[in-house]
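First subunit A sits with subunit B, and in the next complex the same chain sits with subunit C.
Then we have the complex of A and B:
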């Protein structure tokens, strides 16, 4: 009777836990979505930054013209005169996702604009991502249903929906690949672990499809296709090979590679670049190992020893041959088959030495310790505890998570942008750490509270059944008949049991594992305070640090809020006052925005695929006016756009980016020499500036008429008066400057007539006819003034 | 008369060039060691235009232990440029010589050149005297051999060609490593199958992963890529050392490791409490250790929050209901 009472109590607890868990999931989804809406509330529903504008433009094209036209789209509005094959060079995952969302909504008669859908794609997918993180964690720690699961869920979801580094890339309006890719990444990992735990081919197939979605979405898929083989290799080396491992890995490589090569931007790269070779090598190794295990199974131990020598030597020979082929393949390509970005991960000093265009991007810089505190906040403290929790006991799944955190934390140390990949791993591990800590501390309190000491026997039994399910396999088995769990869960549990049996000793011993009451209470209070601090920090980060669209800027001063909407002002001017076919030159940062918002052709944009073209623009910007005019004229450029922050103190303007223009330009055109622009190793624009600096186009276009604003020409970004205040432009004319002077647009003057000097000399009327004739003649010649 | 004197002059010059060439071939890296006498012989006593330029590296053995001057590193880079130039341009040998001078041996020449600070590299072109020779700017050797080569190319119109850095391991070492590996693999595989290697020890993996974590969150990669020093000397007061740099874009080595340690220690203590301490049966030991661990964790978190606010200057605040104020 008592037993059945306890039983029904446990199942009520069980059901309660499930319901609670469901609501927590729901609320967390809402939370993850809504914390990312600060940018919409504070500014407006607008696409952010640079790359999202390109994605937005592609999505517009997709919804307007359909998928086939999108696939074959050749864009002549960019990289003039080269153009760009969009369909073949873009990761289509994000675009297709948002396009599908838009299409679904419209067929449900919900007439949202494409822009709205694009703005809200990232928050929606971050809710999905936090759910996927929970699934992955559950799969890793294998906690059964019930309250512990709910606690774990709350902890993980809580951290993953809040983690600032992910917020930074997924606020509403940040319509970039990472928004869906992080979800795809976590979901792929979840399915891999699920397959590893169940050994089911169904999940293995799903895993390949999730991998396909990831390949569609982001170039970061190489992280998956290297991390999973690493884990497989690790399992093999540490003697953890099993048939489940084989099922988890082999279909992924075969199906995944086939699917990946369907994506145009990847194509044959999926089998031909070094990033993928590791997976093939491990594919071979796992087959050799599988063969060894198979033979071991069918032979007697003695025979096996004989066969082993044979198989191992043969297998080694095959492996060596394959390795040799791989090395030969790799060595035959100049960059050893690696792309620059991947190489800079392996050899962190690579990019800064050889590829200025990668080194120039601020998100490729190595982070300092405050970045970690900013981006994963208190999770940074909890991760080591999570690592240790994963080692006790070490299972296939938990070793994967450890590998994941170790690689991603290393990569994030090289490039601050990869903090994004670290974020989910940090969430999982700190979630595990927190839930274990809560488990221990609450158990200590519960078992020692004086008021319940009378019932402690029953409570203790229940507590351990509710709280410590993984160490309680016998109980789970008993429950199997009555529980309504699906079969897959059951089989998973059996696996778990098999893994964790040696650790769980007995229930009675477990009950004694408690800490002193008072200190446990203090510890819980401190942990809750830590969590509260995390919430405060993350909300602050979401509201203040990461929600600026950077297309509209605001500043607070004593006389209230100032809004700087100069970018859109400038792009609107361009679209209303220039011809549809005019070409606009600017530094590559503004290429995507110009094509998307002004609908004008640009010379270079943020897809930095052609270094020479960018170097040409860099050279023009760092040349004197005449030479720059010639370069721009040869590219059919009509307008030049520069971003200037000196008046309002906007620090990321073109003068601050100028060193990269010189460096990239000089990398291709050797007559641009960086030392010519440097005084004492610094770029200076004050009276100490070099003559080359004061005469280059960028200086002139930025500071033209600047002295008229305050009479002193004081640059608020560089905090100095400029070196040369009064000068005239000979080959360019100012056509538009925005309200706060943040964007200035210049027009190339038409080619001067060579005869003009003659006209001035002979002012007589009789000569006019002659001049006209001559004009016609000279028109064909290129004019060099 | 004139013809004869030019003939002897050119003979003289040829003689000097061949002397220099033989000196160059005798030196391992192709850098010629000059002193007061030989400097006079090859530069001051030859009437300009000389048939060769000289790139002169001013060295001082007594300053080699001062790390911030990077003299030994620059000297190595200098010899790399020299040997690359010689191997790339066998035909233009005799146009440009790479030389160096030691302060102790040739103090007179140092003062003749007016060199009073190191590192210092000078190019003495065919038409230049000692005083009007061109010094290399700080920026020209900042990027080491590559930028030195650029400097030479821009000033002498001679091309240095690709820089040949010596490989990390010599060929013989590589062969040795390969042989050792080949012998070691069968033993390793045997052990691997038996499951007895270090790799099977989870403690090793645990230590390794915690270390990688510590290493990364301390921003050590930043220090390596940017070549940051462990600490700086205070500009205003040279006896003081600066360990913490204010401003979020940069960090010093010691600073990063200190905070990385704080990051890591909290998690380790928490894990110790939940995994190790619960197994101890003595309640008072548990109590004391726990109070200690909680106190340390609390202080560590507090310190990091304080340091972060100080370094970045962000004012992190909550968003409370306005009626609460």
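Then we have the complex of A and C:
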């Protein structure tokens, strides 16, 4: 009677837990979506930053022209005069996702604009990502169902929907590859672990399809194709090989490689570059290991020893030969078959030494300690606890998570941008840690409460009923599973085996692990406080730090809110006042925006595929006016756009980026030397600046007529008066400057008419004449235009 | 020493053979299938290797090592083209490897001695196998161009 009572109570609790879990999932999805809407509320529904504009433009093209034109799209509006093959050089996952969403919505008669769909893609997928994180954690820790699972779910989802480093990449409007890629990454890992736990080919197929989606979405897929082999190798080395491991890995490599080479941007790289070799090597190893295990299974131990002696000697020779061939192949290629970005991951100093263009991107810099605190906050302290929780008991799945966090911590230490990969791992581990902590504390409270009331008899009974709770969900699980598919039953059984063993062992342990009542209550309160602190921080980060679209800027001052909408002002001017075929030169940061918003052809853009071309623009910017004019003229440039923050104090302007232009330009054209622009190793633009600096095009375009603003020409970013205040432009003319002077657009003056008769005259005379002519022309020009 | 090791090897092969003879017929059929797939993959690889060697002019270098194997395969690859359309070569090899791998997975799952998959019905395993193969060959057809 008592037993059936307990059973029905447990099943009610179980059902309650399931319902609760479902609602938590739903609410967390809504929460993850809505916390990312700050940017829409505070600013407007607008695409952010640089790369998203390109993705937006591609999506527009896709929705307008269809998928076949998209694959064959040759874009002649960027990288003039080279152009760019968009279909073959872009990761199409994000674009196709948003395009499909838009198409679906439209066929349901919900007429949303492409832009709206693009803006809200990232928040939608962040909700998916937090669900995927939960699934992965559940698969890793394998807690059956019911309230414990609900707590785990709440914790993981809670941390994953809030983690600021992910928010920073997925706020509404930041329409970038990472928005969908993180979901794909976690989901691929989930399916891998699921396959590993169940050994079902069905999940292996799904896994390779999820991997395909990841390859479509982001270059970070190499992380998966290296992490999973690492895990397989770890399992083999630690003697955890099982046929489930084989089923999880071998089909993934074959199918994954084939699927990856379907994506045009990856293509044959999927079999040709070193990033993928690890997976092939492990593929061979796992076959050898599988064969060895098979032979071990069918032979008697004594015969197996003989076989081992024979095979090892023969096998080693073959292996050595293969490794030698592989190394020779890899070594024969100049970069050892690695792409620059991967190399800079393995050797953090590589980029700054050889490829300034990679090092110049701020998101490729190593992060600082505060940024860790800013981005993962309290999770940083919970992660170690989570790692410890993973080791008891260590399963294949939990070892995977440990491996995941270790590698991602390393990668995030190399590049700020990869903090994003760390975020889900940190969420999973701290979710595990938190739920374990809650588990321990609530259990000790539960065990203690009756003992406070008095009888020692009850204590023993309570302890046994306490054991019923973790056991019962497993039982009910089993009932439920008969209706489900057999594989999941399989998995649950495995889980059950996993769970039951520790349970029976920990029956004694649990009694020992009981904490004093007061301690556990205080600890729970502290944990809740910690969570609250984390929420406050994350909401603050989402609202203040990461929601700025960087297209529209705001600043608070004593006389109210200022909005700087200069970028859109400038791009709108360009699109209304210039010819459709005019070429606009600017530093590459603004290339995507110019093509997307102004619809004008640019020389270089954020897809930095051609270093020489960028170096040409860098050289032009750092040359004196005449040389710069010649370079720009040779590129058919009509307008030059510079971003200048000196008037309003906008720090990421071209003057602050200028040293990178010098470095990148100097890397290809050696007559540009960085020391020429530095006074005693210091970068300055005041009266102590070098003459090269004061005469270069960037300085002149930025500070032309700047003295007219306040009479002193005080630069608010550099906090100094500029070095050369009064000067005239000879080869360029100012055509537009935005309201806050943040974007300035100049037009190249047309080449002079040659005056035939005067060529033979001496140079000095000619120069004088030319100067005169030029003065005349500068006066006349406005009339002509 | 050499004699004892060769005797050992003989013993070993006998033991292996007798152990293998005990496996059920359906598994043996799968094994044959796997062997066939691996063999096909090897032929394609060898042929590609030979074409590559001709391209790079290292023919004699390659022939030094696996002389018999190369001559054996020559007959087969005469009619074929080589690894020039790299995608068709790749899909050819990978389809064979993939087929073999999937068949091995199936074999693992339907093997009755394998206790890990005791409650996985062979029908279910076969359905998974067919699905996976379907995906594989769809991809390959797509990749062939």
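The working rule: the second predicted complex is superposed on the first by the 697 of 785 C-alpha atoms of A that agree within 3 Å, B and C clash if a C-alpha of one lies under 4 Å from a C-alpha of the other, contacts with A are read in each partner's own complex, and residues count from 1 in each chain.
Note that in this section a contact is a pair of C-beta atoms (placed from the backbone, for glycine too) under 8 Å apart; a residue touches a chain by one contact, two chains touch by 3 or more.
Please read all numbers here as calculations on a predicted model, not as lab measurements.
Comparing subunit C and subunit B on the residues of subunit A they touch gives the larger count to B. Of the two partner chains placed by superposition, A:26 touches none, neither subunit B nor subunit C. Of the two partner chains, subunit B is the only one touched by A:370; subunit C is not. By the touch criterion defined above, A:386 lies against subunit B but remains apart from subunit C after alignment on the C-alpha atoms of chain A.
Of the two partner chains placed by the overlay, neither subunit B nor subunit C lies in contact with A:521.
In the superposition on chain A, A:200 makes contact with subunit C only, while subunit B stays out of contact range.
No residue of subunit A contacts both subunit B in one complex and subunit C in the other. Touching subunit B in their complex are the following residues of subunit A: 237-239, 308, 312, 316, 348-349, 352, 366-374, 378, 380-389, 391-392, 394, 399, 402, 405-406, 409-410, 412-414, 433, 436-437, 439-440, 512-516, 518-520, 522-523, 526, 530, 533, 536-537, 539-540, 543, 545, 673-675, 678, 680-681.
On the side of subunit C, the complex with subunit A involves touching residues 5, 8-9, 11-12, 15-16, 19-20, 22-23, 86-87, 90-91, 94, 97-98, 101-102, 104-106, 108-109, 113-114, 116-117, 119-121, 124-125, 128-129, 131-132, 135-136, 139-140, 142-143.
Listing the residues of subunit B that touch subunit A in their complex gives 137-140, 142, 154, 185, 189, 192-193, 195, 199-200, 202, 205-206, 208-210, 212-222, 224-226, 248-251, 255-256, 259-260, 263-264, 266-268, 270-271, 273-275, 277-279, 281, 283, 286-287, 290-291, 294, 297-298, 300-301, 304-305, 308, 311-312, 314, 316-319. Residues 199-202, 204-205, 208-209, 242-244, 246-247, 250-251, 254-255, 257-259, 261-262, 268, 271, 290, 295, 297-300, 303, 306-307, 309-310, 485-487, 489-490, 493 of subunit A are the ones that touch subunit C when the two sit in their complex.
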